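Right, I'll just put the structure down here and ask away after.
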Amino acid sequence: MTELPNARTLRRSALFERWSLLGLVAPALLLITVTMLLPVGWLFYLSLLSDAGEFSLEHYQRMWEHPSYARTFWTTFQVSFLTTAICIVLGYPLSYFLSEIPKRAANLCMIAVLLPLWTSLLVRTYAWLVLLQRRGLVNNWGIELGLWEEPLALVHNLAGTLIGTVHVMLPFLVLPLYSAMRAIDRNYLRAAANLGASPLRSFWLVFFPLAMPGLVTGALIVFILCLGFYVTPAVLGGGKVIMVSSRIANDIEIFFNWGAASALGVVLLVLTVLLVLAAGRLVRMDGVLGGGGSK
Amino acid sequence: MSWLRSPATETQITHGGRLWLYVVAIMVMVLLVLPTLLVIPMSFSASQYLEFPPRQWSLRWYESYFNSASWMQATATSLKAGLMTAVFSTPLATMAAYGLHVSRSSHAKWLTMLLLAPMVVPVILIGIGVFYSYVKLKLVNSMLGLVLAHSMLAVPVVMLVVGSALRTYDMDQERVARSLGASPLRAFLLVTLPQIKFSVVTGAVLAFLTSFDEIIVSLFVSGGPNSTLTRNMFNALRDQVDPTIAAISTLIIAVTSLLLVFTQFAGRKKES
Amino acid sequence: MSNASLPISIAQVTKRYGPMYALDHVDLEIRSGEFLTLLGPSGSGKTTLLTVLAGFTRPDGGSLKFGDAEMITVPPHKRNVGMVFQNYALFPHMSVADNVGFPLKLRGVGTAEIAQRAERALDMVRLGGYGKRGIDQLSGGQRQRVALARAMVFEPRIMLMDEPLSALDKQLREHMQIELRQLHDKLGMTTVYVTHDQREALTMSDRIAVINSGRIMQLDTPRALYERPKNRFVAEFIGESTFLPVLVSGGRVHLGDQVLQTAEPAKTDGPQLVMLRPERLRLLGEGEVADDAFNTLDATLVATVYQGDSSLFQAALPDGTLLSVRGGTAGAIAPGAKLRIAVHCKDTVLLAPEAPA
């Protein structure tokens, strides 16, 4: 088979174009590789070195055997789970409300969701610290209104941690959920009513399943973010609520135990990646099943 | 009150019938916004216990902030790092977003995921990893090291914003420009960039905020004269509730809000 | 070869996407100053061929010459062709004058001269004085003309147009067809025009290349394509057509017992198709006889379709073959009535046998 005229030149030209486009990506890629991939890779390597510097799985073994690690993981999952659950309880009605009011009003109300999202995390954490402390606003008003007599311990414990974490994570649930709810064609509900479903049933049988992908996405984002969350639990938990991230930080800052910290970090990363992949698959499946409805 | 009896949904539920929904939603919105806003009046409280409403109004915490050499230096560091991060990461991320958008290569998808990875990898891990590498490279407590690390965290943010703008942009315009005689670079600069510039600016603002508000990596990697504002605030928070932080927080809220309003405003002007 | 235009020479241009040929070894010679239309259905490859000419699609192989210069590897911005896109693609962040002056600015022309030439180009598309307006203040037809002015202002010797009128309403479209053709005649550049609308192609073109599945089915003048289609695709795509299966043996065309006279003598034997245009068929009245140059067919009326300006009569031949005759609307004919249909031998076109798939 004879080759077409100019075929070779054209092929070369196509290759050149492809590489020059990827060349635009190169600087950013270099930055990410040098400042993230290599360091994290190095941590992988460290996690497999014993304190004496030889290849060993002792750090991972210790995680499996030591009960304190089990406690740390349990606390982490506990906080993540509870945070996600509370976010759903508070966020679902809000998202539903936002999806029902006219678009302009909803955009205005979205400020209430977006502003905390972009306000400094420290500022938000600090705000709760001040509000929840023994002589803070919440306690003062509670006692003044006669709701309780002794100041409640609302910080440096699980309760305070949850309050702060929920406050930070709520926008991450509301945004995808609202977006999914907005996209549901209200004609489906009309059809259900026409076919004889009561408002409650049409919500449960039609609206709720259609909004499910948004809910799952939001919940997974919140859960994954909670797993690795450091700042707010560290401040509001006051050293009593030790999550995986605090443990890693302590291992470095206090004990200089790079092996243990790296191993723990690797486990956290693997967990995160697995959950992200699972989320990716779930969202794709729902796309196949046509969950979103039409605009 | 007749509004309460008017139907709100396709299923003929009245507004009155779901008043509870409105109440709950408004309560949640208040809950989201109020705690942060309460810091503002509390920062003007004369008492060390930050009362609300303040019994006595005073600017003492602001004075304490502006008179403190360490707080001022930390603020300067954070501002410098933020600006340099925005300046460094925005062109890098914009180029990458553009290259990936136009490329028909099968590798584009993997490269995109790789460049978005800093958002997925737990920040604590990035923090200690960067710390470890910087110890070896002698970049700890340096502005250069800080800006590099912050830029790495900002690149995904800018890429998402610019990438989204490119997806709604009509690439035919660039093709037309090239058919009229513009080289690919000139076509981008003269035709595409002016039309996505609001997204690029928004990306730059978010890059600045990403760096300015960044806590964990800064905790490990900045220090000494190059200690960031967030690092100092975090350490202060862990020790005791320093009321000066209320003043700093108020200023941060003000600056952040202004920047965000500016990006929204600029974006809306384009649409009109 | 005048100074205002260049001939285009396309040889063996091929573009594949996987197993599918978007362009299949296309050969096409376009004359200098000609208005050539690429006509075909969606997915036929006509737009692909245009983008190859513009430089936006890199073919797998082939040769492309503008005049004597090989262009196949030249990037789009160096080809110096004017192009009008389907969606106009005007720059929204520039005024009308800045849009039109853009190619001149790229070529380093002075500001004063840019303003002058832009205004002249706008005059030519009858938008003189619109320079200061913003793009969003223009109607669809006006935007189309600005896009045209912008593509013309740097006096390209080749103009490419990708379905530029498809977004306009019918009246405006017909008006613009005439305007575009007049502009072409005035400026004299070689124009390659892509459309799927056969009427548009027939109205505007010097020659038409009918394209399907990446191949040119026929390249001819509008009249030749209409009156002498070479194959079934072209016959069906252009104008209305109705087909009669015939058997050719010994050089004679047999329709059942009848022998038909065709526009051109048959070259090969075997089963083939005869194409008739419904408007070229005539119903003979009682006792009317057509002369020897006509073929007369006996048929039975199946149905009449009233279409306002004319009626379509659907008739069946004795062997069951259906054909359509276009006629007047005065007087009704009952279904089942016997008809005699006359068609001139020049309008009886024998189509080439289909190539085996």
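First chain written, first letter: the chains are A, B and C, and each begins at residue 1.
Criterion: a contact is a pair of C-beta atoms (placed from the backbone, for glycine too) under 8 Å apart; a residue touches a chain by one contact, two chains touch by 3 or more.
As the structure is a computational prediction, the values presented were derived from the model and not from experiment.
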| item | value |
| --- | --- |
| Greatest separation from chain A - chain, by CA centre | C |
| Top chain pair, ranked by number of contacting C-beta pairs | A-B |
| Rounded Å distance between chain B and chain C, as computed from the means of their C-alpha atoms | 55 |
| Length of the line joining the C-alpha centres of chain A and chain B, rounded to whole Å | 17 |
| Residues of chain C whose C-beta touches two or more other chains | none |
| Chain A partner contacts - residues on chain C that touch it in the complex | 11-12, 14, 25, 58-63, 70, 72-73 |
| Chain B partner contacts - residues on chain A that touch it in the complex | 18, 21-25, 27-29, 31-32, 34-40, 42-43, 46, 90-91, 93-94, 96-98, 100, 109, 112-116, 118-131, 133, 135-137, 140, 167, 170-171, 186-187, 189-190, 192-193, 198-199, 202-203, 227-228, 230-231, 234-235, 245, 248-249, 252, 258, 261-262, 265, 268-269, 272-273, 276 |
| Chain B partner contacts - residues on chain C that touch it in the complex | 54-56, 75-83, 85, 87, 89, 91-93, 102-103, 106-107, 150-151, 154, 160 |
| Touching residues on chain A, where the partner in the complex is chain C | 3-7, 9-10, 13-14, 17 |
| Residue ranges of chain B in contact with chain A within the complex | 8-13, 21-22, 24-25, 28-29, 31-33, 35-36, 38-39, 42, 49-52, 92-93, 95-96, 98-100, 102-105, 107, 111, 114-115, 117-118, 120-133, 148-149, 151-152, 155, 159, 209, 212-213, 215-216, 220, 230, 233-234, 237-238, 241, 245-246, 249, 252-253, 256-257, 260 |
